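Heads up, there are several structures right after this.
Below, chain A partners chain B and then partners chain C, in two separate complexes.
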Partner chain A sequence: MIPDRAVPFTAALHLLALLISFFLCARDCTAQQARPTESQVKAAYIFNFGKFVRWQAQPQQSSDSFDICVLGKNPFGLALETTVAGEKIDGKNIGVKNLSNVAEAAHCKILFISSAEENRLKSILSTIKQSNLLTVSDIPGFAERGGMIELVTLEGRIRFEVNVAAVSDAGLTVSSELLKVALKVIGSKQAWEIDK
Partner chain B sequence: MLVSGTALLLAGAAFFAYDQLTFRQGLVHALSAQAQIVGSNSVSALLFNDPQTAANTLSALKSSPNIESAAIFTYDRRSFATYLRDGGIEALNLPPLPDPQKESYWFRSTHLILARPIIFQGQLLGFVYIRSDLREIDKRLRRYAAIAFGVLLLSLVAASIVSSLFRRSVVTPIVSLAEVARSVSQDKNYAVRAVPSGEHDEVALLVEAFNEMLTQIQHRDDELQRGHAELERRVAERTRELLVANRELEAFSYSVSHDLRGPVDALNGFAYVLSKEYSRQLDDKANELISRIRGSGRRMMQLIDDLLNLSRVTSGAMLREPVDLTAIARAICDELKTSSPERKVDFVIEETSKVEGDPRLLYVVIDNLLRNSWKYTSNQPAARIEFGVQTRDGLPVYFVRDNGVGFDSRSSNRLFQPFQRQHSSEEFPGNGIGLATVQRIVRRHGGDVWAESEIGKGATFYFSLSKPKGIPSTSVTSPS
Partner chain C sequence: MKISNRSANAWPARLLILTALLAVLWISSAPAHCADTAAEKDQTNSLKELSLAELGNLQVTTATKEPEAIWKTPAAIYVITHEAIIRSGATSIPEALRLAPGVEVARIDNDKWSIGIRGFGSRLCRSVLVLIDGRTVYTTLLAGTYWEVQDTVMQDIDRIEVIRGPGGTIWGPNAVNGVINVITKPASETQGTYAEVLGGNVEQGSVTIRQGGNRGSVDYRAYAKGFNRAAQFHSDDREFDHWRAMQGGFRIDWAESQRDGYTLQGDIYDQRAGESVVATTYAPPYQQVLDGNALLSGGNILGRWKRTTSEGQDIQVQAFYDRTNRYEPNFDDLRNTYDIDFLQRFRLPWRQEVSWGLGARASRGDNPVVVSGLTFEPDPRTDTLLSGFLQDEISVVDHRLSLSLGTKLLKTNFTDLRPEPSARLLYTPTDKQTLWAAATHALRTPSDSEENFSLAGFIGIAPGGLPYFARFNPNKNFVPEQLNGYEVGYRGLLHEQLYLDIAGFFNHYSSLFSEDIIGAPYIETNPAPTHILLPAEFGNGLMGTTEGGEIAPEWQVASFWRLRASYSFLEMHIKRAPGSLDVGSAPGIQGSSPQHQVLTQSGFDFPKAVSLDLLYRYVSALPGQGVRAYSSADVSLAWSMTPHFRFSVAGQNLLQPHHAEFGGDPGPLVQIKRSAYAELTWQK
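For the complex of A and B:
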């Protein structure tokens, strides 16, 4: 990754950065890692959603990898790749894909729709209707507008809302364990909101 | 009672300890199950950082009234959610898990803490702690103690009742039976019987058998007594027969001797006449023959006289008068000295007090003994003959001692039998009747005669005139 010739220089830079961070850091730096960023938390959530959702077994789509796709501008940086590195869902290795077009989403299991695509949301959702994939986004009102899981920031914490109707329409099942911790669950016959 | 009480106590303690152990284990298992459930239900809460949901899950533990508090910690040991049964904010100082992969529990004096890792798909998400009080255990302990105590008490009471029943029906009859047995052995009274207890059990059988045995013993004893009496009767009869026979024999010997006397007397007389009147007309050889006839005749007469004396001793009635033995001894010694003045004999005669007896017979005794001593010291140049008295066991024992030729004490058992002589007629004249006579007389007086001697050193003849307590070991008595 880094050219050999530049090793001494970059090494020195890293060392400098390390020294500076030592002096600047408070107690928090003694933790095994620094406080996770918003991207890291969201990335972790998306990865974890995969553990609580069941996809229909579809023979034509039996690929070896479980793909998490990002549509539009990727807000996570490398966070998603870092989170899923070495992990598996359903025994499959996890792959992260960046898409520019929704049409490419056929093989995805989880599709994150970036907030940049807010204007095209309606067409996106109609395209992938009944596509047997989980849609996640942090676009405000995503769940109300037919998205499945909407990431919400509340009081400095990342929460989420689940639209169970949208989930079941796509042929997916979401575990009640997940619904338990959701901020809001909509779309069920008894739509209820947990007052937190 | 002490033994059974201790045994019951030990058994109770063992059961109690086991029960406590199993109950504690049960409590741990229950808590473990609850921790597992709570843990797995809190996975999503931990994953999605939702402490509220986790707290809700924990609050379900309210259904177990023994759980004081519970807490969920994140993997880096930060408190995530808490449940407190009695409300309030309590600082929970919980021990860290020694092994983050395994469940651990700590039994404290008032509570039990159980901790378990929450692992989801191979990833450690956090820890769940549950703390339970030990009220159940205490309650159980108390209840158990109460029951154990009650049972112990009841058992002891029952045991004492059974024991006293047992004592009454078994121990007491057996002890009384033993008493009867002992008294029978001690008093030799075989008419005693054990009293039956009135029951029909094994002990009663024992008593019955015992009584039967006693009856048998009694019969045997009676038979024994009868046999004994019969024997006594037979012995008495035989003795009577023997006495009669003896007396007849004595009478016979007396009459024979008496009848013999006449002709022998005549023989002696005629021989005397021959020697006196016709000695000059006969040659030496004839005179020698006559002298020998006279000698034999004299000896025969002596023998007849002695035999007659012997029979008289036992047949005649016995007098009982005070007799002075010393005077008798002196008289006999004088006579001896007069009859053979050439002999030099030293006589030592002790003073004795008078005794009860037949004077004629006692004369014969002392005469016989002194003459014997005189006879058997004839070869002794410095002859010494003693007569005296000793006291043995409080009774007077008289003796005649000489320093003559003595006799072999090994053949002394025949000493007092008639015609038994220790020495030949050539050495010392005599017919062997004397000592037999002495023995008879002395025994008629209720005493006995015995002798001690050593060849060459003389002899001592002892006699008593009343029942001696014990005869010395060197004494010799002929079979009576």
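For the complex of A and C:
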């Protein structure tokens, strides 16, 4: 009375085996290797942001390098250094600095705030409120909470949101190119810089 | 004999196939080293040449982390993380569920568990909705989840979200006491080869292999696993619960563009799960205990399309097919289930986030009669479910106070259109604290077991020589079990390293499942032979309340040491409703869920990539099951010898040679053994 299930089920297993071997044959090693890590892409973003933001001319600041600073635990490993090595922005060499205290941020052009600093975010942002620097972070809700550019991981991709109000408050201008590809733009539209 | 026929299946042949499959996987994984690590630096250099738009299009490998949404969920949600599962040494989904507060996991025997959330623990976990990657595994046959066939590669589980309390609005029917949502990693996070072998006294041998890869924007993985688990402790030596299983599956994720993502995944499995059942027949021998194998096999395939237009705005369509074959010594179920769901989220002015969805399911089951005392009528039958939901989350005070209002509407072949409304309030006074409250109405829908099921039990030989049976007859008037639930909760980061989660609840139940005697005994000639019958049915004759709470602190003592604990308290008051014909089942229900549960865990990382995890749990007595209070402890020691090899040893239930956790099998309580296993994993 019991149907003989062994046959169809074995067939199903064979199918699975076939399916698996199809995948294995289709495997493309180079493609697999090409997948970058989160840190690498975030580092590339930070470097790229530097090209789309205009800082106020600050004659008193004689720093001869363009400093990208990381506040708190550096999540990038060596990815950020590797990305900016040998690169220039506004004719200046790019340097990467690790900061443990926000008070050291005065000379920075870009300040990446590590997610480890989330609890202190409010005081960090108020400390640098008047500084002419671009804040970037991957702390959830960073842009909503007064940061400038928030890196967001969405469906395995890194995107970003921009708080233009915070950007203009700090005396920075961002290119419309950057706003165009942003996942979300927060703040008043008047602050958008029409460049070129 | 029928039973021996069924057991004498072609098991060795299948094992052979599995071995061959594993061998194929193993061999073909060998060229995986073609990847050149030196390329990494070039890659970083080429990335910066990309435009911002191109960067946004790249698929990246991400480190798993707890979804931040949990923090702002106005429900008692607990996430069992991938890391927690692996570190605990759990080898099955039910065992991993022990890590969540408020969840009662009691192992009945080797391949059966009783699971409940905030009470009502039972073999099929009747009032909890269980989903695996969005696929509901709740069966409308006997109402509940067959835990033994819910399996996957533990290493591929991203997290298990456990919602205690009614999740009726969004999650669908039968989420009365909770929702268990098993979520596996996307294929992009399971690249390369993973292989695992383990063996011990209960876990007698288990092999798992998974291979992942990608081609352009398509990521995929395939896996195969098999295990052999020895019987637990039986004081009468009837070691019927030997359990062997194998399973395979795949997942393909295609990120077509930034907006559109597609997933196709599926599994197939085949098991011999040893069990002991009572078989009742109207003809002699009337009643016998059959020890045999449940032959469990099946498979599923699921496709999903998701379009994300912007943050908080997306559309998702998902469809799945599931095939279930259960051949048990006293009953069969052959079932095809088809399901399609649509879901959309969008934003409206005044900071409103709206989500709505529609779903349809049809499940066609065939239950050929195996013993005359257990039948379904009509046979075969199709069960249907139509559902819809609408929820609006309104941000009353930006980032501080939000209100969610919503309702689910559902209609099944057993019920008319029914609403399941809920209101939830979320207050975040600071960035480190969350307070929430909820009121929910939820339903457990009727199933075939109440409406189309005849279940007879043999009482004895009556004076006069006629056999005397009691039988639960189909009750076409069974109505949904109902809950009005009220909950409050607090989550807080009290200190940088100290997290606290507290939740309290009061649930009011009505129309609860009861076992009713509906008349005096009479002589029945059909089905033959002539016998005396005491007529009964499953009714809605119980009501009651449950109250309790859970407190779950988590303390990161140092970067290398984490402590977790939870205490769950439950008070159940179940009684007969006015006019109820219930036979007296309330004390048994009340006495089958523990009043107190304590769990403490310590996770310690030593230098040299050695980690030590200790777990202690206490479960108070279950008088309804004849189970005494017990304490138990697990230890797991792991050493990542190289980036590729990890060796671990785990000991489970160490405090006594064996202990009982739950009843259910005929004969004396099956006791869960002290066990240990060693495991070697390889990953590249």
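A few comments on the model shown:
Going forward, the second predicted complex is superposed on the first by the 154 of 196 C-alpha atoms of A that agree within 3 Å, B and C clash if a C-alpha of one lies under 4 Å from a C-alpha of the other, contacts with A are read in each partner's own complex, and residues count from 1 in each chain.
In the analysis below, a contact is a pair of C-beta atoms (placed from the backbone, for glycine too) under 8 Å apart; a residue touches a chain by one contact, two chains touch by 3 or more.
It should be emphasised that the depicted structure is a prediction, and the values quoted were computed from it without experimental measurement.
If you count the residues of chain A touched by chain B and by chain C, you find the higher number for C. Of the two partner chains, chain C is the only one touched by A:140; chain B is not.
In the overlay built on the shared chain, the residue A:57 is in contact with neither chain B nor chain C. Using the contact criterion defined above for the overlaid structures, shared-chain residue A:154 touches chain C, although it does not reach chain B.
When both complexes are overlaid on chain A, the residue A:45 reaches chain B and chain C alike. Once the two complexes are laid over each other on the shared chain, residue contacts for A:103 go to neither chain B nor chain C. Touch criterion met: A:177 reaches chain B and chain C at once.
Note: residues 31-32, 41, 44-45, 48, 52, 157-160, 177-178, 181 of chain A belong to the chain B contact set and to the chain C contact set alike, using the contact criterion stated above. Chain C meets chain A in the complex at residues 2, 5-6, 9-10, 13-14, 17-18, 20-21, 24-25, 28-29, 31-32, 34-36, 39, 41, 43-45, 47-48, 50-53, 55-63, 68, 186, 188, 191-192, 211, 213-216, 220, 222, 224, 248-250, 255, 258, 261, 268, 270, 295, 297, 299, 306, 308, 310-311, 325, 327, 368, 399, 431-432, 493, 496.
Contacts from chain A toward chain B in the complex involve residues 31-32, 41, 44-45, 48, 51-52, 157-160, 175, 177-178, 180-181, 196. Within the complex, the chain B residues that touch chain A are 41, 43-45, 47-50, 52-53, 76, 120-121. Those residues of chain A lying in contact with chain C across their complex are 1-2, 5-6, 9-10, 12-14, 16-17, 19-21, 23-24, 26-29, 31-38, 40-41, 43-45, 47-48, 52, 79, 82-84, 87, 119, 121-122, 140-141, 144, 152-161, 177-178, 181, 183-184.
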